[in-house]
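Listed next: structures, encoded as structure tokens.
Both complexes below contain chain A, partnered by chain B and then by chain C.
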Partner chain A sequence: MIEAKELKKRFGRKQILNGVSFTANKGEITCLIGINGVGKTTILKGIMNLTPMDSGQILIDGEKMSKDMYEKITFIPDAITMIPTMTIAEAMQFMQDYYKSWNQARATELLRFFKLKQEEKISSLSKGNTAKVNLLLGLALDVDYLLMDEPFSGIDIFSREQIADVFTSHLVEDRGVVITTHEINDIEHLIDKVVLLDNGVVLKEFRTEEMREDEGKSVVDVMREVYRG
Partner chain B sequence: MNVNLNKREPVYLQVIRHFKEQIATKRLEPGQEIPSRRELANQLKINPNTAQRAYKEMEEQGLIYTEGNSPSKITKDEKVLGAVREELIGQAIDSFIAAIRPIDVPLDEVVGLIQEKYKGDKA
Partner chain C sequence: MKRYLKLVNFEIGRFMKIYLVLIGITILSQLIGVIVMAKNYVANANEVIFVDSLPLEQFIEQYGEMGMMDVVGSIWFIGPIALCAAAFIFYIFFIWYRDWVGKNTFIYRLLMLPTSRLNILLSKATAIFIMVFGLVSVQLILLPIESMLLKWNVPFDFRIDMTVSEIINNNSYLFILIPDSFIQFIINYGIGFMVVFILFTAILFERSFRWKGALLGIIYCAIASIIFLAPLIYEIGFEASFFYTEEIFVIEIILGILVTAMSIWLSKLLLNKKVTV
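After this line comes the complex of A and B, so read on.
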């Protein structure tokens, strides 16, 4: 389980996070929702210790983040961080050199799944295919937790569907996934848990099936209440 | 398998209803193998945990059974199968009555209209 407790972060005058707490379980998909600029990415980077928090605590299976943890949890940023002149094969080699948890068999399977050619250069790929390579590089790591920043934004509908397919497959199963998004509509049925953020705090944290069962509300219904009510 | 899921009702219940419909109409036959939990999640684009929950519930209701490590199958229990059909018909009638009652149509007229339409639709 990932536990975020009372996270606070200020950038200059702006208090981005003002005491954010939530949990994300292994074997589940947790979705952080909020409008742009609400601090979703900062939270993910905070969990990875890429952006130091001003205060608060983050525990992963009860432990604090350390160097060894990067073999257990990974962060897939919203844009690919590989050098554009690299081919997909070279990018995979790069990951293999740096991570013990790299699983080439899974990477090969993902290549096939996304219909990507490993000899292609990253700079020559379409936006959708670049997003898929980005995802592949993270998903092919044998880690327990995956943090994905906006995996669905700015790509075409078929690529989105393909990426959504990954979430229902064994490629993700049993791992803990935290994704951020502001477009919830087509993934409502995929997620276990929702954390709604605004003004640096968690407005609501709920399980999607319980919400449908107990109150007959969709995720979008709850968002409407919380953000506009 | 294609199901239109709505977003306000628990997904696992919608999955169970879908299976009941398939069973009542004999599209899924007694003893027939059903997809694994993961296959179902992938086909319906739903969370694997939800597929798991639907199957667990169906197992408890006796709609499906699992022997050892083999895939789950549709029950052969005639009583359960009959009950599924009755339940679906009952639900459909209830929602029809709920919809027609506010319009205040005499029963004879309703029955007449149903007979007419029902035959017409089938032809």
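After this line comes the complex of A and C, so read on.
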């Protein structure tokens, strides 16, 4: 389980996070929702120790982040984390060189699934295909937790469908996924848990199925209630 | 250790094209320089001796003999060395910022590698050191080749022959690059490496705290320099010699190690606790 406790972060004069707490379980898809600039990406970067928090605590299965944790949790940002001059094959080789958790069989499967050619240079790929390579590099790691930042932003409809399909496949099954988005429609049916953020705090944290069964509300209904008051 | 070595190899690979171009420019410029200078000298000698009918002895008296000293003092020789030096000073900054600025987010990947972040710092520094030594080695190989080229192009009566060690000892900047004693070598390159680590720390201050960090970085560079130069500043300030040369040497070595260790420790701290992507 990923536990974020009382996270606080200030950039200059702006308090981005002001005591954010939530949990994300293994085997579930947890979605951080909020408008742009609300601090969703900062939370993910904080979990990965890419941006230090001013205060608060982050635990992954009860342990603090360390170098070995990068074999257990990975982050897929909204931009590709590889050198653009590399080919897809070179990028995969790089991952294989450094990560024990790299699963080449799964990477090959993802290449086929996304219809990507490994000899292609990353810089020559379309935005949609670049996003798919980015996803591939994260999903092909045998990690317990996946953090994804806006995987659907600025991508064509067909690529979005393909990426959404990944969430229902064995590629994600059994892992804990934390995803940020402000476009909920594509994945509403896939989400297990929602964390609604605004003004640096968690406004509401709920399980989608319980919400549907108990109150008959969809994620969008709850969002309307919370954000529009 | 394995991942550190892989990272070193990776960093060198990323700069290899530019590095090979720098080596190519050095080789071409210096070899062409020897030939052009030798040909010009011989052509001038022919003109003065055969057209103006000046005796050989008088020509040498007037124009001097040609030797490697003339070559190493020319722009053909110094130019590429200056270019390489400038490229490496630029590279100290480029090696970090290329992964950070613009749309490039490769720094995310580097920081998320399942290895100590200190390895990232050390691999970048090691890559620079290896490539600098590579260039110095190329220069060492080039010097005897250039001497030979000069011999082929300038007749015996018109030239001064020097050994490689004589060429180096008679040229102040070559002497800095390729000192004749091991201790001097350690001092020169030790100072160079210390400066690299100080600048890396300043860069990481900037990457951790942005504008405030840039200021902190500059202050850190000043503090590190003052610590390292403290004995010399003290002596100059008091206009007196408190220490024997040997004592200064030992103190400087200790201070150099101290400043380098402090820079590495601070860089590690910044990389682990403060750096922000």
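Details
In the analysis below, the second predicted complex is superposed on the first by the 229 of 229 C-alpha atoms of A that agree within 3 Å, B and C clash if a C-alpha of one lies under 4 Å from a C-alpha of the other, contacts with A are read in each partner's own complex, and residues count from 1 in each chain.
One rule holds in what follows: a residue touches a chain if its C-beta (ideal position, glycine included) is under 8 Å from a C-beta of that chain, and two chains touch if they have at least 3 such contacts.
Nothing here was measured: the structure is a model prediction, and the numbers come from that model.
Once chain A of one complex is fitted onto chain A of the other, the partner contacts of A:111 are absent, as it touches neither chain B nor chain C. When the two complexes are overlaid on their common chain A, residue A:169 makes contact with chain B while staying clear of chain C.
Within the superposed three-chain model, A:83 lies in touch with chain C and out of touch with chain B [touch as defined at top].
When both complexes are overlaid on chain A, the residue A:177 reaches neither chain B nor chain C. In the superposition on chain A, A:16 makes contact with neither chain B nor chain C. Using the contact criterion defined above for the overlaid structures, shared-chain residue A:219 touches chain B, although it does not reach chain C.
By the document's definition of touching, neither partner reaches A:32: not chain B, not chain C.
The touching residues of chain B, when paired with chain A in their complex, are 5, 7-13, 38, 41-42, 44-50, 53. Chain A contributes residues 45, 48-52, 67-71, 74-75, 77, 79-84, 94, 97-100 to its touches with chain C in the complex. Contact residues on chain C toward chain A in their complex (touch as defined above): 3, 6, 10, 14, 103-106, 108-109, 111-117, 272-277. Residues 27-29, 164-165, 167-170, 173, 188-192, 209, 212-213, 216-221 of chain A are the ones touching chain B in the complex.
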